[in-house]
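I have a structure I would like to understand better, so I am pasting it below and will then ask my questions one at a time.
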Amino acid sequence: MLINCAAYQNGSKLGDIPVAEISEYVTRPECFVWVALFDPTVDEMAEMAEEFGLHPLAVEDAHKGHQRPKIEEYDDSLFVVLHTLESVPDAPDSPLATGEVDIFVGPNYILSVRHRTQKGFNDVRIRCEREPALLRYGSGFVLYALMDNVVDRYFPILEALESELEQIEGNIFVRNTARSNIESLYALKQKLMLLTHAVDPLMEATGKLYGGRVPPVCAGMGEYFRDVYDHLHRIHATIDGIRDMLTTAIQVNLGMISLADSEVTKKLAAWAAIIAVPTMMAGIYGMNFEHMPELEWTFGYPLAIATMVAVDLFLYVRFKKTRWL
Amino acid sequence: MLINCAAYQNGSKLGDIPVAEISEYVTRPECFVWVALFDPTVDEMAEMAEEFGLHPLAVEDAHKGHQRPKIEEYDDSLFVVLHTLESVPDAPDSPLATGEVDIFVGPNYILSVRHRTQKGFNDVRIRCEREPALLRYGSGFVLYALMDNVVDRYFPILEALESELEQIEGNIFVRNTARSNIESLYALKQKLMLLTHAVDPLMEATGKLYGGRVPPVCAGMGEYFRDVYDHLHRIHATIDGIRDMLTTAIQVNLGMISLADSEVTKKLAAWAAIIAVPTMMAGIYGMNFEHMPELEWTFGYPLAIATMVAVDLFLYVRFKKTRWL
Amino acid sequence: MLINCAAYQNGSKLGDIPVAEISEYVTRPECFVWVALFDPTVDEMAEMAEEFGLHPLAVEDAHKGHQRPKIEEYDDSLFVVLHTLESVPDAPDSPLATGEVDIFVGPNYILSVRHRTQKGFNDVRIRCEREPALLRYGSGFVLYALMDNVVDRYFPILEALESELEQIEGNIFVRNTARSNIESLYALKQKLMLLTHAVDPLMEATGKLYGGRVPPVCAGMGEYFRDVYDHLHRIHATIDGIRDMLTTAIQVNLGMISLADSEVTKKLAAWAAIIAVPTMMAGIYGMNFEHMPELEWTFGYPLAIATMVAVDLFLYVRFKKTRWL
Amino acid sequence: MLINCAAYQNGSKLGDIPVAEISEYVTRPECFVWVALFDPTVDEMAEMAEEFGLHPLAVEDAHKGHQRPKIEEYDDSLFVVLHTLESVPDAPDSPLATGEVDIFVGPNYILSVRHRTQKGFNDVRIRCEREPALLRYGSGFVLYALMDNVVDRYFPILEALESELEQIEGNIFVRNTARSNIESLYALKQKLMLLTHAVDPLMEATGKLYGGRVPPVCAGMGEYFRDVYDHLHRIHATIDGIRDMLTTAIQVNLGMISLADSEVTKKLAAWAAIIAVPTMMAGIYGMNFEHMPELEWTFGYPLAIATMVAVDLFLYVRFKKTRWL
Amino acid sequence: MLINCAAYQNGSKLGDIPVAEISEYVTRPECFVWVALFDPTVDEMAEMAEEFGLHPLAVEDAHKGHQRPKIEEYDDSLFVVLHTLESVPDAPDSPLATGEVDIFVGPNYILSVRHRTQKGFNDVRIRCEREPALLRYGSGFVLYALMDNVVDRYFPILEALESELEQIEGNIFVRNTARSNIESLYALKQKLMLLTHAVDPLMEATGKLYGGRVPPVCAGMGEYFRDVYDHLHRIHATIDGIRDMLTTAIQVNLGMISLADSEVTKKLAAWAAIIAVPTMMAGIYGMNFEHMPELEWTFGYPLAIATMVAVDLFLYVRFKKTRWL
């Protein structure tokens, strides 16, 4: 589905143009065309490939979807694959939905193709059109703006994961939460993997857009792409930290389970003793020997009961002291 | 066993040729010979070595088989070893069978030798012959097509492993599945190792077929080999992700086992108490003291029973509340 | 809030200057301006950006705060982000508070912006003014002095963590401390993560301030920045060591928990046996058979009791020997 | 002990020569001397050092033995240390014996010194003498042949370890094998370490004998040394795989131990219940209340027994269903 | 405290010289001064700094002590920090004491400063003076000799750790040693960390004293420093091996603890059954039903006892068979 198709010159918008005229605008100097698609059909993609003269391998990748994030250079153009992560607020357990944005950038055009991603890039277009000084950089600046936007969307996801971890950490030493803790930790790990898959390959690729030799389309914008890289690096480092804490948290949780088990065994042992001792004594006075003097005592029975109570009290106090109860 | 032996010129097939004439076609400019063998005998390999002038070390490797995946350069030719993985659908537990494909590529020839691999490369031949524009690149393009085909076969295997992991993840928090989970996780790890052994060394080697200095046979096809590399990298990253989740899953499973154990102990303790308390009381009223007033009460017996039931009810409710039952 | 604003020439202080005159002093040769801000307002930052001509991306970062530690080069100026860690002595469990210091350095100015950091840099100013020979290096030396100061503040934090680990290590083999140990180990891990986040990215960045090509502002001061790097490396290595010991300590603690559990089970088993055997014997002599000769013996009862005691003594001694008790 | 001392020229053997004449042959062009020693005395080593003019540091290393595998360059000569691993078939548990081979190679000589290694290099000498075309490369080729031979000896060791792992894997889910499994896994790990210590440093060193700048003695033989490297890399990768599986196997085994423990507890709990319930009932009918109507019923006793049996049957069936028995 | 202060020329000792004349000898060509200090006072260090013209940062480091091992280059001089480890034989548990040696090396001088290290470097001085040919290299050779000496002192420490590990490994599968094993493993890990902290940074630094560009003071001695590097690398690799085995040993020990626990539970269960069954039977014959025919049989009592014994024997044999006892 075509979302937008506009031509820009010297940093300001010339106006929306029909798809069929793209190839004409692309050849004008100082002018570039910015097209946005959402879940395009095969025909739409084929038309774009023809108008812009896209590389067949890149078009095939964009068509198949499910690429890993990457930035590939084809002659003087770039093919960029980004992953988007969107939380599904209505669903239970708020899982993350993975989408994909494929971007084709040449000296005179930029084409973004959105797959399985709810939120579009209208903000980016508005922001770019408000800054003609920067938009004059051409398609390279739009690429930066799109990447910056996608990367900025990772931060709330990351913060949600961080606060999820904090919440679990708050529960980890609370009794009887081991089962739910372990389930939460595993679910957190799964979400973390999704974010890692989105961030790590992109970080690696973005590192090549500034510094030494950069693709011509990004020339002169090193500081901007370094900024994107820096954001990705920060996310990467935070993910690493969360993952590290998570591993420790799982281990600690295992320890808490064992501890809880140990405490149950102690309690079991203590109460077993408290019940078994009087049972034994009762058994003894239940024997049928003919000559058992205690049985004939007037206060034999209350004395026996008293002894039982006394022994149990003694045991109870002792177990309390040694923390078995 | 000889599967195919054909000569190509300018991107189109000249026709099948007898093995003895290979050496003649190989010297013609703009022409290349494509031979496919399956589990060749010593004699067949020797004949090929002579016709193509293959390097003795490479021939020895191909003959012995069981090489790790690699790409070796001998002067102007390449020796490529690929692993194939095929699932054995009829066998129980659907294990993976490992096969090997050895490819010798020179400027004017390509020789593929298939070992323990059911599925042949007829598709590749058909695809190549349909694209004369690309086949004109010569043996380098055929090498790409073969590698691309082998690598594409990894994806269904990988997806099977991913869905196996998902299935185990779905069971991991279900009670009484710990044993089967742990067995499945271990089996999954074993299959993952096979895939790792096929993919990792190949990825490393493929990285040298594009970018800086490339073997002359692959010259001008950098974007295609980068595509293969990219696929391998994606598989590699996915394997890493699965492995990471698997390690966590095993740890979590251990935790679930401990938890289950803990729950059994709790139940044991609770029921033991419920049985032991009436037993103790019965023991007390089974003592043979002469003076036990309760024994003479008309309602002594029902009262005793009622007390027992009451105590047990109290215990039962309490244990239910604290989740021991 | 403006803390300080002074101009320096040839290593000695010219005097405090009003903010509005900064841009004038900045253009004088051999002269530089040193400004310190604390939690500045948006207006203050905007004023500084104008006076010093700071790069918008850097200003935006400084304004948003919560950057990861980094050193970024913008033309002939540097933007440095440092994390400060301050222990909160009054709070329970003495957690660490993370602050941030952003430093803008150009050939003729240095601007430090302190966020959420109690302790200022007055010491640094005093130290610099006492060493005019070094201060002659200009803003580069002040940058070194500030970084050195921030890094030096990590050492007491690190030492506190080390002694915390030692304290836990001293308890790890003490009985009944497993729960508090595991909680302390986790808390220690959390603090360690904070320190890692402060140190690791900074170390990486500092490595680029000496050796090969260095930013012009730091030229000629390689040995000083290498010294800072060396300190960071030492902290990094020590953190790694603590982390490694910590992982082992958690594992060992898990072992101790299992051991303790095992000992409880042994005790339970031993006492169960000691109580159960007399109970069984009493049960036997409580049977109602008509012909039980022992029951009629004069000393049947004491003999039975004596046997019980003897059996229990035997068991007790045996259990003591095998360390079950 | 001197094993062999022969001179070669143009790829063919001139004949055995006395040690004293070595220095003479070494100076002849196109000629090289090949000496093999086994556990030499101090005097023998000193003599060799003199005849060949070996570097004192290398001689000292060879004399002391217990070096890690390495390849060191001294001017135009190389000092190579290899580890040999030999299984001791008669010994219980077939441990591995580590030996050492030190090789000194110069343009005109090769000296191999065998320590604690049963199997000699006669095969290598025979193989070399059968291939004069290759032997013409001189001492470099002999070095290759020796290294190839030593590395080839690792493969049967590696295969033995692999089949040992497979055997353990076959037992890992079998009940009551946890103890022997864990002992086998640890023993396997120990052997794996020995192999790692032999292979890893050698692989690293061999990587410098082909590709970019190579020691003159190995010039022109890059493809051969790459082959050795490739073998070492394959062993290395396989070791890594085994190690990874081993770690998982130990974890899984731990899980199986916990599972078995859990099953024992369940059985204990189930049988305890089955025994305790009738005991409780018997206790109740053993009470001495005067008014217990059931006691006077004619069929009271069989009814009681029948109830007990019924309850136990019910419990038994239930426990069977929930897999506690 | 000044230990030694001597001047050397052309490889031989000129004689001990007073500290005040150092600066004079240092300027003589072909001559160098070798000074050894032990725990120097502030004044002694200041005097040395002046006589030799040491860099203030290095002097400050040496004075503060507690540096990590490193080699720093200041113009044409080096500042080397080494850690010494000395076992304290009289102390219980033979812990390791960490000392520090700081070495300042210039073209004409070498100054070693020993902190907290019992054993001095008299051996090194004697060895150097016995080899005038090597001593002619000047201060670079003395540096090598000192480093070699310090590194050689690590070997007995390492061997002690290795034999400690072997001793623990011998105990790991012995019953009832889990607690002491785990304590020993942790203590071993702690010592290993000390050694790692001494070796790893030094290895890294030493790697820069041979090969490509080397500090002028070490020029021409590459083979010697590579030898030191090689020793450090060997220690590093051995430490890695021990650490790896240690991790596995801790895991295995955990497994043994769980196994032992499981065996205790089995024993408990078995004996519980053996005691509980006769108790139940006795309970049944202790019931007070009026019509219980067995009670009136003449041999009822011995029959009951015989049945109990028979059942227990049966249970005992069964438990023995299934290894519960």
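The letters A, B, C, D and E name the chains in turn, as written, and every chain counts its residues from 1.
Throughout what follows, a residue touches a chain if its C-beta (ideal position, glycine included) is under 8 Å from a C-beta of that chain, and two chains touch if they have at least 3 such contacts.
Bear in mind the structure is a predicted one, so any value in this text is a computation, not a measurement.
Engineer: Could you give the fewest steps needed to travel from subunit A to subunit E through chains in contact?
Structural biologist: Graph distance in the chain contact network comes out at 2.
Engineer: Could you name all chains that are in contact with subunit B and with subunit D at the same time?
Structural biologist: Output, common partners of subunit B and subunit D: nil, no chain qualifies.
Engineer: If you average the Cα atoms of subunit B and of subunit E to get two centres, how far apart are those centres in Å?
Structural biologist: Roughly 40 Å, centre to centre.
Engineer: In angstrom, rounded to a whole number, how far apart do the mean CA points of subunit D and subunit E lie?
Structural biologist: Computed value for the inter-centroid distance: 25 Å.
Engineer: Which residues belonging to subunit E are in contact with no fewer than two other chains?
Structural biologist: Where subunit E meets two or more other chains at a single residue, that happens at 251, 254, 258, 261, 265, 268, 272, 276, 279, 283, 286-288, 292.
Engineer: Mapping chain-to-chain touches, which pattern fits: line, ring, star, complete or other?
Structural biologist: Graph shape here is a ring: one loop, exactly two partners per chain.
Engineer: Beginning with subunit A and continuing through subunit B, what order do the ring chains follow?
Structural biologist: Starting from subunit A with subunit B next, the chains run A, B, D, E, C.
Engineer: Could you list, by residue number, the parts of subunit E that touch subunit D in their complex?
Structural biologist: Residues 169, 172-173, 223-224, 226-227, 230, 233-234, 237, 241, 244-245, 248-249, 251-252, 254-256, 258-259, 261-262, 265-266, 268-269, 272-273, 276-277, 279-280, 283-284, 286-292, 323.
Engineer: List the residues on subunit A that touch subunit B in their complex, please.
Structural biologist: 55, 57, 67-68, 70, 72, 74, 176, 178-179, 182-183, 185-186, 189-190, 193, 196-197, 200-201, 247, 250-251, 253-254, 257-258, 260-261, 264-265, 267-268, 271-272, 275-276, 278-279, 282-283, 285-288, 292, 294-301, 304-305, 308
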